[in-house]
Amino acid sequence: MTLKVYLSGEIHTDWREQIVEGSAGLDVSFQSPVTDHAASDDCGVRILGAEPDKFWHDAKGAKLNAIRTRKGIEDSDVVVVRFGEKYKQWNAAFDAGYAAALGKSLIVLHGPEHQHALKEVDAAALVVAEDPKQVVQALRYVLTGALPD
Amino acid sequence: MTLKVYLSGEIHTDWREQIVEGSAGLDVSFQSPVTDHAASDDCGVRILGAEPDKFWHDAKGAKLNAIRTRKGIEDSDVVVVRFGEKYKQWNAAFDAGYAAALGKSLIVLHGPEHQHALKEVDAAALVVAEDPKQVVQALRYVLTGALPD
Amino acid sequence: MTLKVYLSGEIHTDWREQIVEGSAGLDVSFQSPVTDHAASDDCGVRILGAEPDKFWHDAKGAKLNAIRTRKGIEDSDVVVVRFGEKYKQWNAAFDAGYAAALGKSLIVLHGPEHQHALKEVDAAALVVAEDPKQVVQALRYVLTGALPD
Amino acid sequence: MTLKVYLSGEIHTDWREQIVEGSAGLDVSFQSPVTDHAASDDCGVRILGAEPDKFWHDAKGAKLNAIRTRKGIEDSDVVVVRFGEKYKQWNAAFDAGYAAALGKSLIVLHGPEHQHALKEVDAAALVVAEDPKQVVQALRYVLTGALPD
Amino acid sequence: MTLKVYLSGEIHTDWREQIVEGSAGLDVSFQSPVTDHAASDDCGVRILGAEPDKFWHDAKGAKLNAIRTRKGIEDSDVVVVRFGEKYKQWNAAFDAGYAAALGKSLIVLHGPEHQHALKEVDAAALVVAEDPKQVVQALRYVLTGALPD
Amino acid sequence: MTLKVYLSGEIHTDWREQIVEGSAGLDVSFQSPVTDHAASDDCGVRILGAEPDKFWHDAKGAKLNAIRTRKGIEDSDVVVVRFGEKYKQWNAAFDAGYAAALGKSLIVLHGPEHQHALKEVDAAALVVAEDPKQVVQALRYVLTGALPD
Amino acid sequence: MTLKVYLSGEIHTDWREQIVEGSAGLDVSFQSPVTDHAASDDCGVRILGAEPDKFWHDAKGAKLNAIRTRKGIEDSDVVVVRFGEKYKQWNAAFDAGYAAALGKSLIVLHGPEHQHALKEVDAAALVVAEDPKQVVQALRYVLTGALPD
Amino acid sequence: MTLKVYLSGEIHTDWREQIVEGSAGLDVSFQSPVTDHAASDDCGVRILGAEPDKFWHDAKGAKLNAIRTRKGIEDSDVVVVRFGEKYKQWNAAFDAGYAAALGKSLIVLHGPEHQHALKEVDAAALVVAEDPKQVVQALRYVLTGALPD
């Protein structure tokens, strides 16, 4: 059993690396959005031509990124969504809703300060974790039945 | 043609009333979440028993509210999601993602200050508006072909 | 908003009547399986001919009942599954699984003595209640936003 | 043709081993839930933190196990559900209903003492067997056309 | 509960009338194909222009009839398929397969002389009957729980 | 049986009126796109604000019109697509492909001069007609079994 | 591109071998039902126990065969259904209907004597052929674009 | 992540080769229709027998081509549709609509002269490009996050 996992959300800390490295040896394949903030913001206009209006600048980029994001979510068994400490992160919550509607197993990862604000997202999840280590432990358990010591 | 419209998101201003009243005479049926903030927060424990831990207090409520929210979205043709000026509003973005994954027509309503942060949500929408009046005009056009003067 | 509710499970107490009567005045439509135990057991052979082998006697009846059960679940928004004090009640758990796979909102109703044995079913539910009154309160809240005093 | 088979249900006898070993040489891939009873019960709290309330203790575990269970069922062609002699085994019946709603081919395995209580589950099955050997023979026939001597 | 029933198959006896009349007073709505044999055969060329080649003559008619047939099956809860004594009746078996793939409840109606030849169709059915009266009794039971005397 | 019919395509002749008037007395409900060419082109900017770039001017309008078009197609049993004598009419062919992918019954209406260019669209249709009168006759036959004299 | 092809229907001539051998070198994978007539008829009772009543004898076998048949159809891109000269062959027509409802590409193979009786099945097909050689040529064209000399 | 891309539309220039060659080294698999115009037009009658009527000549060919086209689209993650300078190209727009209804990521490729006529198609796309190089850059970005210099 290969578990296909999509890692959505916050791009300013190394949580993805922690999960990928912690999962070494497990039969998991990971996908992620493009996590280079500048590339992600400007990809549309860099490839398809400049836009003087910021709305369309962003629209071009967001639609191009959606090719990767939707494939990542639709191909996955599990979607992990990380909410960090800063920014609105509405795209993370959007991905969580998208994944929930498709019946994907949802793992939400956030600190206690966001507990109340994320209650609807957490209520749709099968796992709510605070630390990437817990996500690794959950993936290991799902794949092998092994629990942490 | 009756257009079924679900009004998701911000609950602290009268945007829903503006849309419902502005749509008088149109063949639209509206659904909304429970918009009484206190009731929405406490419904789970009030009906199903108190929880000492805030996480489960919120989980009980969020799951109960999900019965209404999911039916509202799944029954609808159009989902309007309003992002207000305050709070994280992750449930609004979650609803938008949920609606998008189900192929619902999405109308997003927000001020220009949120443009960049909502670019992924806007990119999934068929209409991005700033004012509830525009939503009414859009619904009127969809139903009757009439444009504003 | 009419809420379509299917009442599955235990047929030896009056929990269905309590919910239907308690919901008077609400915009709910209820469906149920045939709750006459003898008719439900013998319907197949009574209509389609006797079977000397109990297995086929039961198969004929169970398949005929499935026409009603599946329509009831598939047409519903909410499936309430009641587990009583006696019997194996595997058909109740089967209905719960069937409803969960279809994405129906699941309400499970059982006493505390079954808590551990029903943990997988409860984990798939949006509401876990012990008393039919709570189900009525939940339906009222979902439909009207009103909480019990 | 590789046949993907999920083995659901009873975890206290060696029926899974009998089927897996009996199927040696056939093009079958098997998946199962975590069958270590203690790990399965406690996985949630071991990874995600202790819960004083047994209900939430169990909820955390059941949801974590659901990641594996649902993937196992959704990925499969055939779901074998075994009902043993003891316990309520509502999760087995839940899995059977879940599989049936997804249109999976269902094989039910149980002794004659459970025949009447399982009539609705059996009626949804393509094979009802009493012995793991019969399941192996059925898989062999499906894959190769060979019948037992 | 209105039960939507599509009556497919043999068009040379009055079995449809027997079922419709026998169901008087029940909350059932019936749909059928066009049962005028000559009209059904020639509808395509009568409306869309003559074809010298019988294959295309038939193709035009069969496709036009498919508008009604597919809507009838797709809108239904129950599909009753009658196999009569004569002809190949492959369209009846095709409808049965179509209905089965859509998860419709299937009732098959045929005499004992066709039992072996229809074993795959019967195996997909929830009810196998020999007499239209049994179909009426089955529909009455499904809708009201009442059994024949 | 009410037949829901969506009338897509060419907007410069009165073919829709011919079909609607010819169908008087039949149990059909018709939906159409907005057929006022100027309103359809400018609706986006009139409601949501002007765009200096024609591409975004058109994008705003096309997305707003898509709310009506997609609902019309998704709600329908039959989609009639008319190709006229002029213009590229790619939106008509797009609607035909959209309808085909959803499994809608497709009726294509065009003159013989377009036969070869429309071969892929015609091949996906159940009826290919040259005259709106034939569409009316086809709808009458589907609903009532009556053929033209 | 590997084309997955299911070969349904008549089991008394070597048409499957002709197609499989003719397709040597093409990127096709073929699946078929069990074509040993006696094994197919008796598989149920041989594995699951004898039945005195021929109806249940056949039911057990037909359901066991359905595991293979449904997987074969559901996994395929193309379903070829062959109608031979003898027998009712309702299972072939059932498979054709099942495949059509799932949106599979249907190829029907039969002699001209069955043309009228198979008009509804042919109308649902993308290819109607008389000779297995034509099926091979069609598969070769689909995969490589090469036409017969 | 392998991206599956279907290249639909215009067959008279080398845009497919440009994209395939430009994508060397990327993890993409490409599918296309048969692009030999004469073979595509005549395949039906060459394999299945001549037709005196051009309509049926074309119908046979278009249906045979549909086996490849639909598999290509249904198997893909991304559908690129190219509109060239000549012809009606209704099959390209049909494919775009088909892909959109299935939720595929749509890339539209056309010159500025077609902008207004393609506004509904473009509005359903995630990328609108003028040059095959941009499509290559978009695929590279989606797969690797790398932007052009």
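Observations, loosely collected:
To keep things simple, chains are lettered A, B, C, D, E, F, G and H as they appear, and every chain counts its residues starting from 1.
Note that a contact is a pair of C-beta atoms (placed from the backbone, for glycine too) under 8 Å apart; a residue touches a chain by one contact, two chains touch by 3 or more.
No experiment lies behind these values; they were computed from the predicted model shown.
A count of contacting C-beta pairs for A-B and for B-C identifies A-B as the more extensively joined pair. Repeating the E-F interface, with the same residue numbers in over half of the contact pairs, is the pair B-F out of B-F, A-B or F-H.
Averaged Cα coordinates give subunit C a centre that lies 49 Å from the centre of subunit H. Between the Cα centres of subunit C and subunit D there is a gap of 23 Å. Distance between subunit D and subunit E, defined via averaged C-alpha coordinates, is recorded as 37 Å. One finds 44 Å separating the Cα centroids of subunit B and subunit E. Looking at subunit H, one finds that residues 63, 66, 128 touch two or more other chains. The part of subunit E that touches subunit C in the complex is made up of residues 1, 3, 77-78, 105, 125-129, 134, 137-138, 141-143, 145-148.
Put simply, subunit G touches subunit D in their complex at residues 31, 34-36, 39, 42-43, 46-48, 63-64, 66-68, 70-72, 75. Within the complex, the subunit E residues that touch subunit G are 54-55, 58-59, 61-63, 65-66, 69, 83, 87-102, 114-124, 128.
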